[in-house]
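One structure below.
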């Protein structure tokens, strides 16, 4: 998992991008990359985002964790081996107890976005076993990591 | 993959249900079943639906195929090994060139729905390499397989 | 994961058998079940063996755990969807700090063994972070679970 | 999948090496990389070897294909996310109808080999549906790709 170059990568609107190779074994009996791979790639980008923004360390220190509440994907192009994909993640919404991440998968060989989607992540309190209001330090870390900040970062919807 | 009994299974509103065991290896480092498994289960139910309704055979005879355009999932309960899941599929919409399937995953040990979601499937013409109006025999097969028919089966939106 | 019937199942020489469906998504771009699935199936049978023989509970109580040291597989027949496989596990050797399990995968549709192999499992002491002599209660549990006992159950090779 | 630099990589005895990131989702409930990943990595290196040596193109032209007959792996170190692995492949034996590949997985963070193993690949004739004597051009391609040639490349055992 290589950091895509900071400038000049194909998903400039995404605060975080990672690059992954497509493996031969990622293909299914239709000879295309199986749909489940997009969700593995979204997961990889989501976790890299939490780590690099400092949110993962803050969560661990605060005894809260990220729980995936929902995820969706639009498949725009079929992917094949061999290829490299660049996967982007950015936080587009910070609610009261959850946030939304947008994802995109760019195919280097096709030079276009092959799939995109979004995840909703709940901040879960391991002591009370319930969702918890996103702590201010987590909000600030997301805000700092997003070049233009996260709109609605004080929102109070779920 | 066992057919759940026709009556008395936990997802009576779904025309098709399959049962699958959760494997130890389906769990990730959080000790829960990884999110990507829901999409593998949806896929398994989607394909079983096309086969048992006769749609798969009609598609093959007509040189068209099902292309997954989008899929989404809501995660309602965390799943663990060991458990058995019952996965439902039903067609809720037949559009002009695509249809929508609803999915639900029922946990036998928790006796509740652990996740649900939907897929949009495009009927793709392998000769013209384009989406194609859903042939009447395919519409009829879906309608027959759904106990109360598919509403809007003559709809002309995409 | 269903227990295969105690009598009359296709792998009578195996103390433990489980049945699993082949999923459409288990196939790769060659249109056959991918080779990595055999290792997921071996793992599922290995863990079911430890659970049902009582060895898993004894390990947990004794603060030791099973570490996979090696695994191998011979591929004898190509598998395709749809099919059901019956996977067997039995302990063929109890050494001083490790034991050997034999595995076989029987294809219900082909009515023959599709693959077989073996695993070497080390009993690892989580306190000392080193392999540990297999405790007598673990040896006894394995011996009881194997219809004819495990030969060499007092062996002192690794 | 990046070519490791031709010189100076950690597996100099392997004619082919590829580098892959470990993904968070490669871990299982024990918090280590699951054993099945080694076999996915071996597969990726095996296929890259056939492609870069020219053997894949020769096979396709000759209407023969590679069938995996057996594979084994020794697990020497536990792997965790995040890390990068360098995977090597080399042909150590060219028999009459099959060849043997050796594999090793090097952990960049641990600076040591984490697992190794070997694969036996049969050259299969799609016309006759039987194994076939390895054609001379395939032998020559393997011999050229291995820095010191493949010993026993004219061997006539299976």
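Chains here go by letter, A, B, C and D, matching the order in which they are written, and residues are numbered from 1 within each.
Keep this in mind: a residue touches a chain if its C-beta (ideal position, glycine included) is under 8 Å from a C-beta of that chain, and two chains touch if they have at least 3 such contacts.
Everything quoted here is computed from the prediction, not taken from an experiment.
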Shortest walk length in steps over touching chains, chain A through to chain D: 1
Check every other chain and keep only those touching both chain B and chain C; list them. A, D
Copies chain A and chain B touch; is their interface built from the same residue numbers (over half shared) or different ones? same
From chain A, which chain is the farthest off, judged by mean CA positions? C
If you average the CA atoms of chain A and of chain B, how many Å lie between those two points? 26
Would you mind pulling out the distance in Å between where the CA atoms of chain A average out and where those of chain C do? 37
Multi-partner residues of chain D (at least 2 other chains): 24-25, 34, 36, 40, 43
Interfacial residue positions of chain D with respect to chain B in the complex: 24-25, 27-29, 31, 34, 36, 81
Sites on chain D touched by chain A in the complex: 1-2, 20-21, 23-25, 40, 43-44, 47, 82, 84
List of chain C residues in touch with chain D within their complex: 34-36, 39-40, 43, 67-75
